[in-house]
Structure formats: structure tokens, C-alpha cells
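In the two assemblies presented below, chain A is common to both, partnered first by chain B and then by chain C.
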Partner chain A sequence: MSTAALQPVLARPIRRSVRRIGLSAELLPWLYILPAVLAFGVWIYEPLIRAFMLSFYEWNMLPFSPQKWVGTQNYSNIFALQKLWQALGNTAIYVVGLLPMSVAIPLAVAIFTHDLKGRWRNFYRALIFVPMIIAPVVAAAVWRWLLDPQHGILNLALQGLGIAPIDFLGDPNFAIWTIILITGWKLIGFATLILSAANANINPSLIEAARMDGASSWEIVRDIRLPLLSSTALFLVMMTILLGAQWSFTYINVLTAGGPLGSTTNIYYLLWDFGFSSMSVGWSSAAAVVLFVGFSVIAFGLFRMIERYSFYDN
Partner chain B sequence: MANLQIANARKSYDNKQVLHGIDLHIEDGTFLVIVGPSGCGKSTLLRMIAGLEDITDGTISIDDEVVNDLEPSARGCAMVFQNYALYPHMSVEQNIGYPLKIAGVSKPERARKVAEAAALLELGDYLDRRPAQLSGGQRQRVAMGRAIVREPRLFLFDEPLSNLDAKLRVQMRIEIKRLHRRLSATSVFVTHDQVEAMTLADKLVVMNAGKVEQVGTPGEIYRAPASAFVAGFLGAPAMNFLPGKVLQQGNLHILPNTEIAVHSQELHQWTGREITIGIRPESLLLGKPSAEGIPAHVDLIEELGGSRVAYCRTDGPEIAVVMHGDLTVREGDRVSIGLLPEHLHFFEKTNGQRLGGGQASQQAQASRAMHVAFN
Partner chain C sequence: MTTETLSLPMSTSGLQSRKKRRQANLAIAGHALMIVMSLFAVFPVYWMLVSSLRAENHIFDTALWPDAASLDNYAYALSAIPIWRMLWNTLVVSAAVTFIQLLTGIAAAYGFARWRFRFDKFVYALIGLTWLVPIQVVMIPNYLLVARMGLLDSLPALILPHFASAFAIMLLTQSMRAFPKEVLEAARMDGAGSWRTLWEVIVPNLRGIIASLAILIFISTWNEYFWPLLLSRSAENTVIQIGIQMFITQEGTSWGPLMAASSLASLPILLIYVVLQRQVIQSFMKSGIR
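For the complex of A and B:
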């Protein structure tokens, strides 16, 4: 069998069959994105719609128990819960408390370590990036030891200084800030990495031009670096607002379970708690829908802002 | 405006020396062009003048003040970068006005000066745009505007035209020349483009491998290149180099088999030695095959519109000849290449240094003498 004879035979029917599927020129592009659409549909949109529907039902998640239509009652119920308002308030505290560690400090570190050389560069990198690569549950366990009110090294140190031991995870005044600090400690490396990359991407001749124009180091940071890093910083702000509650989930779950007295719970932990502890799927779904709508609005606004502060240098 | 003095300037990166003792003097108001092949150290030298690069050894003085240890901003230089280095987040107006803002110039004063510079550069209609919304030529002008607005003592240009297309490059070249005539500010312009160098320079510096090869006016350097490197670098098509040997009575044997009478005094002391003979393609003449001249056949003809270049095979190296007028020579024709003794340049075979004066260099000396007389 000669390949020369084979080729037209193979080529023609395929081309014809594509044509027969018809309107192929219009359809073909959709075919290409079909896998992605399917994945999005199955793992994101379908659950979203399912959650939206479930938020109008009462159900305990047992496969054979009936789902009972309750209208908007789940919503009125959860909004009547003091717990929800506490979680929403805490979510705001988490976000605001995380921002210095997810944006401000990394921004400063990225800018001020930009010119570091050799050994110091490696040193600071190790310092900053090590927390990032520790598994969250392991980190949580280690922090529990360190923070133990009786035997934790931190409290031993405080005692050495003559300060009464603090129950970092058990005292409602301290617990949320402890969780925020641990979450931030874990986050700082990632944020620094992103901002360092953005900072290193700034065309060095812009900095030289500014030096020639007479700008001092601080003026260069203020007038050149910060404006050019603003879109990346805003991106991190957005990530913190949208995901801050999720990032702290592991530490809440392992260290405080939302306590004491709900002082460390947040909206994300609460909806998990509704669903998987209280087994009330309707409440959990309603909380998820509220979360989704609220964060969508915020994300939309932030995206607009990022767009506005992106400067393309070519 | 200022004069600039560079004395024995050296630069090393990690013990690798890239500039080997540069000496230059630039008078007030001069447009100095530094030309040389890529990697010869032009940018490094310019950045040392600007203060963006440390000076390993030697001194750089502006207006007789050593600036080695001064910050870039304290040296009073403005620089135009190859990639323009416009601030992408600022409008044209803010870009041009930035040095003034830093200098603490009041807002109305700043606006006035920016408007003035923008008018000079025909940027008036674009003041509100961002650099990304400008064409290459407009960006180039904004970069110039940012440089002129602060009235620096010294303008530094690092290949500012090499990112432009050919037509725009010529246009901007003329504009820069015009601008210099108007502002008559001392300028140092770095380029690897010999046409740019020849057309812009009041004074031309040819650099090679971290050294200055020659300093002079474009005309002087073209007529009397100080070395085979300079001769080959300036001029297009490039100068032809032929191996030769000096015979008795100033006669010259062009290898392998041409002999001409030169009657050059300078060549006497080189009698019996081998040298390199340089001759520009436009100084050669093509003729019918004859006993005179170098026998050759035309291998290839390049049409340049105004003129044509014939690349000729000889028994020695290939020789390029610019053909004038309507000479009817075709590829493959047998020809004889005629040369006039007064158009020959002689170089030492070993180190490429120019030998003696030659007619061209006498002219150069004459013009230098006149320069002295005028001062």
C-alpha cells in the first residue's frame, strides 16, 4: 500500500465529515473550548446552581431523607442568627487584619530587598519563604505547641519577662488575632514572591531615568515603583478580601473550631459548620449564596480598579 | 551648557576591564558623537558620564569640576535612553514635567515650560496621552522633551534612534540636529550607525574594544582614518583592503600582480616591507581590461538607485567599486580596476595603524591648523 494513495483517501472524508457536521466554521471554536466549559460546568456552575436551589429547601444531607421546600425561610433564619452577624463581622476583621501581612509588609519587603545582594538576599528569602512551603495542618500543630498557655515557648518567654501567661487561642480577646497572625505568617512569603516578581519586572531604565531627573530613593518609590506595583497590590487586596476567610479555615478548624464563644468563626467556617456539623444543607447553601453574591460585587469593583491601575510599558 | 573633560577613564566589571583609559575633551556647545561597533563600551562610557555607572579609575569633569562622586542628579546631565524610558503611568505632560516637579518648580511655571518644550517638539496635541498611546517617533520626542525641559548642562543620548524605522530615523536625526542648532547645548550622542554618526557630529569619536581609535571632525576621519579599523568602519560600502609591498623609489606592488608608481615620501622608510593598502569603493574606476590597473571580473552588481556597486573578483581579495554615471558594465564582464595614487591609504600590516600622512591627512592637518588659528 502506498502512502501517496492513502493520503487523499484519508484526508478527504475527514474534511467532508467536518463539513457535514455543518456550520463547522461557526461551531468549531466552541468545540475547542468544550473541555474547559465542561469542567467549569461540572465543578463550578452546576454546584453553584445546585447550592442556589438547595438554599430554598430543608435537608439534612442524608441521601434518602426528603428535601422539603421552605421558600426563603433559610435566608430569614440565618439572617436572624446572631452567629451569622458575628461571622460576617469577624470576616471583616480577618480581611482587615490580613491586609498588612498580605499587601503592605510584602510590598515594603519587595521594594527594600530589591537591591540586596548575595548572602543577605538568600537569608531573607529563606526567612520569608519557609512558612509558605510548610503544610498548613503541620503549621497549625506546631503553633499550638508554641502557643500553649502553660508550656508553650512564647508563654515561657513572657513569664521570663514577668508577664502573666496569655491563653492565645482560648482567650476571646486574643484568639482571632492569633489566627490572623498565623494565617498572615503563612501568606507573607507568597505575597512577597508575587510583588518581588512584579517589582523586578519594572524596567530598570525607568529607575535610571528618574535618577537622572533628580528623584531621590524615596521619590523613586513613591512616583515610579508604587504606581507601577499598584495593580499587583490591588490584585493581592482582592485575593485577601475574597479568600482571606478561606485561608484561615485550616487554622480555625484545627486550633479553635470557631471558638471561644464564636470569636474566631468567619462566614466561610460558618457555612462549613452549617453543612457538615449541623447537617443543615439549606442554611449552609443560603449562607453560600449570600457569600457568593457579596463577594461577586466586591470582586467586580476590584477588577475595574485593577484594570484602571494597570500600565502597559512597551 | 558646559565643557566636558574625560581623563584616563577606566571601567571594569568584576575584574574584566571594558574601558581602557579614555581621554576626551568636549568644548562648550559641541555635538560629540561616539560611534563604534556593538559592545565596544559606548554605553558604559555614556553612563559613567551620567553617573549611572561607577568610574573605576580616572576622572570625569564637567565645567572643570570633577563629578566622579556626584549623584546623577547633581551632574546636571539629561539623558535620552534607547528605549525612551518614559513613565508608563504618567501622561506626556507629566512625563516632560517630572524633572521640574522633582526640582520643586511651581505648578504654573511647570505648565509653562512643558508647553514650551511640547511646542518645540510638536507635541502640543498629545499632552494628555499616555506613552502607550503614542507612536515610536512621538515617544522619542517626549523623551527629548523630558531632557530639554530642565535646561541641562549636558545632553546624553544612548542610541536614541535605533528603535525607529528607517524613514523616521532620518527624520528624527534631522530634528535632533535642528534642535541642537537652536539650543546649542553640549551633547554626547552614542550610536553604532555610521551614517547617524557622520551626519550629526561636530566632533566624532570612533571607539573600538574599549579604546578611542580616533577623534576628529567627520570629514577628517573619513579622509584620513587613523587605523584600518576606522577606515573599515566608516563609509558604505566599506573600504577595500589590499595586501601590498613597498618597492624602491616609492613604487608599490599590490599583491599579487599589480605595480603602480606612488611617489610618496612617507612610504620610503617602509621600502621592502609589507603593508595594507586601503581604498574606498568610490575612489576606484572600472575600465576595459588593460595592462594598467587590477585585472578583475564583475561578480555581482548591487543597484542602489543613485549609484551601483560592483563586487569584483580579482586574484587577490574581492574589491567593491562604486560605479558612476551610466557605465555599461554587466555581471560577468572582464574589467580593469583603475586606482589613483592620491586616493590610497596605507596601514601597517601588523597593527593597522595609519602610515605617514598621505594627501588626505595633510588636509586634515591644515583644517586643524585653521581651527587653532580661529580660536
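For the complex of A and C:
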């Protein structure tokens, strides 16, 4: 069975077969990756280049109307729009508003509940995970019902407490926070599970050793658990920064259509609005290029930060 | 050491019981916290199901546990829009996307894991970077492409943009790279070509990962909203997610049928979850941790 004994017998056929396939050995891997490469080329990279090109034209998407070259005018136009700056500001609010629900609370809960017994843990896990598999449109519909100003159960409960009903989705002061809450509802349980898994992976002997040295529970959390959870937490922070505002697209489109007064419009919804409500391909494409460039810069910055600041348990 | 513990029996036991009590309190607080989170997570879903089963004149009731169930809302919803057709469309699209993404994913992962070739790292990186491209950035060119292909408002339009998944490729590549080289070598000794090795040796051994990927892809496609919103027009050719939206209008929502349609759209997924709970959680966790 030893490989050394097999070696001389096998060496020849292998070399011969390699020579026989010769050129096709170069081609073979490409045949395997071809379908995927074609798909990404057709649906992602070619459109990306095309969006870049379209950002220099004025066009209303009708097949027979002419595309007019306008240079960088689309860019100067959108940057002069108050709407764009409002949407960028709102995008930041979405991200910052989501962080407590996608990172901070899950982190606290994961640390606080690490010693719950197995049976109970599985029971809670099963329940808090449910929002993750619920479709965003369904979540939007259900929350719209829960938050309805006249008949929603939440406003009825508030009335019971003597508080005037709140128009959660129609009041510009509340709408964006309502959308953030719904986005967070889908994420909070999932983030908790991810952090709990990471927390459970911490080597118990580290905790035991610190306890022997007389460290208090808080010191153990601060000096051992938090540093060891930092890479997972940073990953969630990155996901929230890069995708948080994108996750809320469905809720914005179904519940507020960007309003009231543009208060829930983020940059992703603005692209949609430019493209398919205003039918302004140039503006939408210019905003898409700006978004993509900004997105990439932030992503690479975050990647480098994660590499530099995360600790590993080994 | 023995003398020390013996000389302080009272104080240590007192300390220990205090510590025990503190731990018990902490455990109760932990349970309380998790119960609050669980209620927050599950109540909206529960309320959807309960509301969907209320009779039309009881829709504004607030009893947490209704004493009579009625299927009126379902009957109304089914007569208002072609829900069965939409559910069927959703099933066809989700099953097709799952199958295609697994196929393209397995093939591509095999190509990356088994061979070194020119530009392999570069191509792999390009695939990994696709998630940097937000869907809204490429929506207009994609819409135009689908229109040029004459596929607007058809099911293939909802399937084709999901031809390959970067996540599936990366996850499968990682697990194929971890595959024991000796087994591959043995298959080659037996004269199996690369194609046969893939399907007869590797794929059967990666059943677990492939199954969890399938669950993940199926559920995400079932819940997909953006492409159908962009690419479908008529009720007969769209998916259930768009159907739900049809009950939400600015001038007043018919809550009962809306909850009934939402429940119908969620039941298949909730059913999968009840049966395969552990696998579903694991597959989503994999997508998050990586």
C-alpha cells in the first residue's frame, strides 16, 4: 500500500497521459469555469462598463430615441441636486442606525447568554432566526400592518398607554427609523447567531486560566472575549456598512417609495428613481458610477482595517 | 493546601452559595433577554398568520388568540390575483436557479480547485469581487439586455441573471481544495477522466455542502424581489413577491387578503424551515461567517 512502492509502476502512465492531453490540459480548466465566467461577464462586468459609458449620454431609455453625448454634464447635474446629498446623508443614517441592531446588541446578547443550556439555546436559536428566512416583501407587508396608524396593534397598544398614535411610515421624522427597524428586525437574530457561534468557539481554557488569575467577569469579557470576537464583529460591521442601505431597498420601495419628502430615499433607491421613475438613464448611470467607486474605496479600506485589527485565537 | 481549605469551611461555602445564586440570577436574566428577542422575532410572523385567518368583519380584532378561524381572506386573495400561478412560477424559478447555480458552481469550483492555469487567481478574484457591484448599479444595462433578448415579462428573464453565484463558487472551491489529494490520485489511477472524477468521486463526497447551498439558494431566490420588480410586467408571468405588493395600495390596504397572500408566500419556506431547521440555520450561517 505504501506510495513509494507504487511510484515506479505509476510514473509512466501518468507522464504519457499528460503528454497525450498536452494542449487540452491548458484548455480543460477553462471549459469548467466557462459557464460561470460567461455569466459574470454578461450580467455584471459588461453592464458595469456599459453603465460607465451611459453615464456620459443623455437618454430616456426608449429604443428609438437618440442617445446624446453630453460629456460629464450628468455628473455636474447630479452633484448640483439637493436630492443626491440628501440620499447620501440618508445612506449614512441607515448604516449608523443599523449598527446597533446588526452588531452591538447581538454582541452583547451573545456574550451575555453564552452559558445557556443546550436545549434552551437551540429553542431560542430556532425562534430568533425566523425573520432571516421571511421574504422582505412579506416583512414589509406585515410591518405595515403592525404599524398602521389607525388599526395597527402597535398603535393600539400605544393608545392603551395614553400615547397618541404615530404615523410611523408617513411622518418624515419617523419614517427612516421605521425602515431601519424593519431592516434590523431581519438581521438582529442572524447576527446574534453568528456572534454566538464565534463566542462558543473561544477556547474555554483561556477563560479558565484568566479566572484562576483572579480576573473578574467583566475583565474576562473585556480582555478575552471582546478581542477574540473582534474579527467576527468587524466582519458584521463591514457587511452593515457595505450592504446595510442596500438591504432596505425593498422596504423603501414597498412602504414609502422614498418619501415622505425624500426622507427615506437612500442612494440605491435614488438610482432606481432616476432610472425607472424619471427615465433618466444618464443621471442614474452617473450616480451608479459614483456609488460604485465610493463603495469600492470604502470596501478596500475596511478590508485592510480588518486585516490589521483582528486578533486570532491560535 | 488541605489545611487552608479546612480552616475556612464556613466562608468558602458562603462564598460559593453566593456565587451560585449570582449565576442563577444571571441565567434567569439571560433567559429573559432571549425570550424578549424571540418574541420580537416571531410575533410579526404569528400576527400575519392570525390576521390572515380572521373573518372579514373581525380583521381589526386585537385578541391574541382568535376564537374562530375563517378562510375568507384566502378565498378573496385567490380570486383577486392568480396566486397559484404565481406560486408555481416562483417554484419553477427557484428550482431552476438552484439547479443552475449548483451546476455552474460545481464546475467552476472544480476548475479552480484542481488545476493551476494562467490568470486563475485573477479570474477567481474577479468572481469574488462581484459582490462589490450593487445590483442597482447594473440594473439599467441588464434591463436593456433582457429587453433586447425579447425576454421581458417572462420566466427565463428571472432565471438568466442568476446563472452563477460567486458565493457558491467560492464555498465549493474551498471545500474541493480541502479534498484529500490521494483520493483524486486513486481515481486517476483507475483511468477516470476529470469529468467522471468530478461526478463520481467529488460530488458524492460533498453532499452536505451541496445540500446546504441548495437550501440557501432556493430560499434566497424564493424571496427575491428586485429582478421580478425590474423585469416582469403581468400577473401571469411574475412571482408571488410581486403578487403580495398588489394588495398594498396608497388609498387603503385590504389587510386580510394581504396577510393571506403573505402567509401563502411564506408557508413553503416556513415548512422547509420546520423540517430542516438545523440545516437551514447552518447554511445561512455559512454564508455569513466564511
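Quick note on the criterion: the second predicted complex is superposed on the first by the 264 of 314 C-alpha atoms of A that agree within 3 Å, B and C clash if a C-alpha of one lies under 4 Å from a C-alpha of the other, contacts with A are read in each partner's own complex, and residues count from 1 in each chain.
Throughout what follows, a residue touches a chain if its C-beta (ideal position, glycine included) is under 8 Å from a C-beta of that chain, and two chains touch if they have at least 3 such contacts.
Predicted model only: the values in this text are computed from it and were never measured.
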item: Partner chain(s) touched by A:55 [first = chain B, second = chain C, both, neither]; value: neither
item: First, second, both or neither for A:227, with chain B first and chain C second; value: first
item: Which of chain B and chain C A:281 touches, first, second, both or neither; value: second
item: Partner chain(s) touched by A:212 [first = chain B, second = chain C, both, neither]; value: first
item: Chain B versus chain C as contact partner of A:253, first or second or both or neither; value: second
item: Touched partner set for A:203, first chain B, second chain C, both or neither; value: first
item: Residue contacts with chain A in the superposition, chain B compared against chain C; value: C
item: Shared contact residues on chain A - chain B and chain C; value: none
item: Partner chain C, residues of chain A touching it in the complex; value: 10, 14, 25-26, 28-33, 35-40, 42-48, 50-51, 54, 61, 63, 109, 112-113, 115-116, 120, 124-139, 141-146, 148, 151, 153, 156, 185, 188-190, 192-194, 197-198, 232, 235, 239, 246, 249-250, 253-254, 268, 271-272, 275-276, 281, 284-285, 288-289, 291-292, 295-296, 299
item: Residue ranges of chain A in contact with chain B within the complex; value: 203, 205-206, 208-215, 219, 223-224, 227-228, 311-314
item: Complex interface listing, chain B residues touching chain A; value: 50-52, 71-73, 77-79, 81, 83, 85-89, 98-99, 102-103, 130-132, 146, 150
item: Residue numbers on chain C that touch chain A, as the complex places them; value: 26-27, 29-31, 33-35, 37-38, 40-42, 44-45, 47-48, 51, 59-60, 62, 103-105, 107-108, 110-112, 114-115, 117-118, 120, 123, 126-127, 130, 132-142, 144-145, 147, 160-161, 163-164, 166, 169, 188-189, 194, 219, 222-223, 225-226, 229-230, 241-242, 244-245, 247-248, 253, 255, 258-259, 261-262, 265-266, 269-270, 273, 277, 280-281, 284-285, 288-289
